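Both complexes below contain chain A, partnered by chain B and then by chain C.
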Partner chain A sequence: MRRALLLQLLAPLALVALAALVGTLVSTSTETYVINALVNVVIVVALYVFIGNSGVLSFGHISFVAVGAWAAGVLSMPVEEKPAIMPHLFGLLGEHTVGNIWSLALAAAVGAAYALVVGLPLMRLSGLGAGIATFGVLEITHNVLRYWEKIGPGLNTFSAVPETTGLLQASLGAALAVIVAFGYRRMRFGRLLSATREDAAAARAVGVSVYRQRLVAFVLSGALAGFAGGLLVHMLPVNTESVYLDLTFLTLAMLVIGGATSLWGAVVGALAVSAVDSFLAEAESGIHLFGRSVDFPAGTRIVVVGALMALVLILRPAGLTGGREFSVPLARPRRLLTKFAR
Partner chain B sequence: MTVAVLNIDWQTLADATGLGAIYALMAVGIGLVFGVLRLVNFAYGQLVMAGAYALAFASEHGWSLWVGIPLCFAVVVTLSMLMDRIVFRPLRTQSPAVMLVATFAVAFLLQSIALLWFGPLGKIASSLATLNQPVTVSGVDIRKIAIVAIGLGALCLLALVLLLGRTRVGLHMRAAAMDFRTAELLGVRAGRVIGAAVVISGVLAAIVAVMLTVQNPLVTPDFALRDTILVLAGVVLGGMNRLVPATLGGFAIGFASGLLGGALPTNQSQYLPSFLFAAVILVLLFRPGGLFTREGQQAVERV
Partner chain C sequence: MRRPGDSLRASSVSRSFEGVHALRDVTLELGRAEITGLIGPNGAGKSTLVNVLSGFDRPTSGTVELEGRDVTRWSPSRRGRHGLSRTFQHSHAFRSLSVRENLEVAALGVGTVAREARRRAAELLETLGLTSQAEALAGTLAQGDERRLGVARALATRPRFILLDEPAAGLPEAEVPDFAQAVRDVRDDHDAGVLLIDHNMALIMGLCDRIYVLDQGRVLAEGTPDEIRANLDVAAAYLGESAVHDADDEG
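After this line comes the complex of A and B, so read on.
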């Protein structure tokens, strides 16, 4: 029993380590894709913490990624670069710069705080209402970050942010997210929340506050998403469009394709879809495959990912992993199976 | 903070009403499908986009309007039916949230197909450009399209009211929208009602495509995306569960964004989407049934 549990943590971690290992073996240009995939793992694990455990849909998590990226980006850009990119910044923000680790911690804190503010009213909703309201949050965040130039670059791009998210930082970040998500799921909070997902009425009947459990998960996943935003802004120049609808779609697709209700599914989905996506991104700029030159037109990526997502939803709604945690098929006790088969 | 001086002239008012009418039609298209299928169709805007590309395709080849507009209708209605058949029907037993994610995927899929097929730069649909010219009504210049949009919108809504109120399939549709399973038990044929709703919402999308291309002849892959997002917000504001409130919500949001977008200076109207979506969230929290519904008609979706 304990070994099975340990395996549920080690399998996703091993997958992250494998991705990191692949990253050390390939060329520098391919390494960028691996780093990106590892940052995607953090975002998708953040989505899993809330959506997977609560069963409530959220289109709004990319806004936590966005505020995390803004916090880390604004505060870690060198002071002398700030006036050129962000001329209208609040004085206090313009005069200070923090280091890499501090900016990541700050990104997580800002993500959590924003998720708390948003979650306090919104966690009363579920189903369709939650979907549309969180979509509204994404729209509002995008709109405000785009035009409010006192807190960031507005329409400009976050250039000149130190690019500290290399392979090491990305894989450590992904591992940290996996450990946090696993820990949460094993804690009382995580168990209660998944009880509300399975049967909200029964959970209420034994005294679980659905609202409070969802809020806890929302804030934790907001922190992880903000952290991912911090990693992202230290990886490549971010602007408002790179943390908006496309990223929302891509990360939700990863979660759905992998299997929303398990950590294993989140990691598998993030890495599998990232792999397909990077391959197609390369193919869009032309590659050699089986001795032939392949050159897909721009836009192929989203077509393939969209089609994959629709297919998985139709054929295997629980995702590639079936929404189950990792287990070795032989280790599963047979007696249990026959007992529940009746 | 300066107080905005509203600078409203007849042109702005007419344009806003025209936009409201177009949004009302989209709202009916979305509301009808939602009523019957419990499906919030994110991909509705991509139907409009497909219709707009059909029009652009026709005007690029120099075909007349009498070819272009039927082509637009054929493309949109076919696509609407295909979408239902291939994606939504297999998912009918899933929860509304899963279907919402699925329509999200379809929306992105169609948008990228358009990007692949037609490129990112966009095409010009200039077939109905003459409607953009102003006409003088009692000393006031108003663009013809605003008048056409208002007229056509009113006509379509009237036709829909008659269809829903006076015909058998309309009665079935209203019954199915109210309670699908009971309606089915009472002999309403589910397939036919769903088919009718899908076709009608496709026809409405085609009409919207024609009118939007007049206002904005440049057709890009994200054509009508912003409009769909706003209309969805409007439908929620008005009340998803009933057609009339949903339509009113669509009209209201089109009118408001047209009026404020035209009357406010840019540095104030740029935050308009934030206010609209804040309003949507407030309505969802405090009046989940919508603003234009009476008490007791509230959508019941409690866990």
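After this line comes the complex of A and C, so read on.
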């Protein structure tokens, strides 16, 4: 029993480590894709913490990635660079710069705080209502960040942010997210939330406040998403478009394709879809494959990922992993025996 | 006579849904350590009353008191944490969690520490005969096991009052005596007050200390099983007019 539980943590960690290892073996340009995939793992794990455990849909999580990226980006850009990129910044923000780790911690804190503010009213909703309302949050956030130049670059891109998210930082970040999500799921909070997902009325009947449990998960998942935003802004020049609809769609597709109700599914989905997505992105700009030149038209990426998601939903609605945690098939002979004995 | 603060009480409760009176001026008291039956034809308002008592529905007028406190406006989860538990007519198992986890989560839900929740789950698996199914997913249980899981989960919260909404419905006939004993144990070992709704009259008559008869949203009769059996009004409501008159003719 204990060993099975340990495996559920070690398997996703091993997969993250494997991705990191692959990253060390490939060319620098391919390494960038691996780093990106590992940041995607953090985002999808954040989605899993809320969506997977609560069964409530959110289209708004990339807002938390965005505010995390904004917090980390604004505060870690060197003071002398700020006037050129963010000329209208609040005085206080313009005069201070924090280090890499502090900016990541701040990104997580801002993500959590924003999720709390949003969650207090929205966690009363579920189903369609929650989906649409969180989508509204994404739109609001997008427009505020786009046009409010006192808190960031507005329409400009976050250049000049120190590029600290290399392979090491991305893999450590992904591992941290996996550990946090695993720990949460085993805690009282995670266990009660998954009961509300299974049957909200029955959970209420045994004393569980559905609202409170959803809010806790929403805030934790906001923290992880904000942290992912911090990693992202330290990796590539982020702007409002890079933390908006495409990323929302892509990460939700990863969660669904992997299997939304398990941490293993979230990690598998994030890495598998990232691999496909990276390959297609390369193919869009022309690659050589088996001696032939391949040149997909622009937009192929999202078309294929969208089709892939639909296909998985039709053929395997619970995702590639079936929404179950990792387990070794050989560890189950006892249950098989009892099944036959009946 | 029981102490006034030691009961779950509905006082003059009415509930109407857009002009349809599901409950009219119902007063019912459920004491600790006794089994109270609630019977009546389909549509009499039994489930509405359970919903009002457990907080899943609010009465249009009247109050609900739990151990002397007015809980009419309390949420179901708050009532759950204060010693009131219920089962549902249809399966409400946490389907993709194991049977054991169903019980542990229920204990955790009312604030029990993890170690105690684990101990309590193991104990309930034993008493309700679910030990061999402990690691199975709740969604895969046979109907009899599923009914017992519902009761076990309600008990995992250590309730002082427990509302069982047709817990034996769909239970194989052979399992009914064991199930009846399990309900008696709830009263005797846990000192809980049990409200039992069921259509199986033999089960109700055999188990209950007191019985309320509900018809068209009103309390038609209230008393010991013997008193209820003797009450012809009840027979009329429950068996239908013709059955009663046939019996009269023969008598």
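Rule of thumb we're sticking to: the second predicted complex is superposed on the first by the 333 of 342 C-alpha atoms of A that agree within 3 Å, B and C clash if a C-alpha of one lies under 4 Å from a C-alpha of the other, contacts with A are read in each partner's own complex, and residues count from 1 in each chain.
Quick note on the criterion: a residue touches a chain if its C-beta (ideal position, glycine included) is under 8 Å from a C-beta of that chain, and two chains touch if they have at least 3 such contacts.
Not measured: the values here are computed from a predicted model.
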Partner chain(s) touched by A:P297 [first = chain B, second = chain C, both, neither]: first
First (chain B), second (chain C), both or neither touched by A:V219: neither
Which of chain B and chain C A:L313 touches, first, second, both or neither: first
First, second, both or neither for A:S194, with chain B first and chain C second: second
Per-residue contact with chain A, leading partner among chain C and chain B: B
Contacts of A:I140 with chain B and chain C, given as first, second, both or neither: first
First (chain B), second (chain C), both or neither touched by A:A181: neither
Partner chain(s) touched by A:T261 [first = chain B, second = chain C, both, neither]: second
Which superposed partner A:L75 touches (first chain B, second chain C, both, neither): neither
Which of chain B and chain C A:A202 touches, first, second, both or neither: second
Where chain A meets both chain C and chain B, residue numbers: 201, 210
Residues of chain A touching chain B in the complex: 56-57, 59, 121-122, 124-133, 136-137, 139-140, 143-144, 147, 200-201, 210, 249, 252-253, 256, 297-303, 305-307, 309-310, 313-314, 317
In the complex, chain A residues that touch chain C: 188, 191-192, 194-195, 198-199, 201-210, 261, 335, 338
In the complex, chain B residues that touch chain A: 40, 87, 90-91, 94-98, 100-102, 104-106, 108-109, 111-113, 115-116, 120, 221, 229, 232-233, 236, 240, 270-271, 273-274, 277-278, 280-281, 284-285, 288, 301, 303
Touching residues (chain side chain C, partner chain A) in the complex: 54-56, 75-78, 80-81, 85-88, 92-97, 101, 104-106, 108-111, 114, 132, 135, 153-154, 156-157
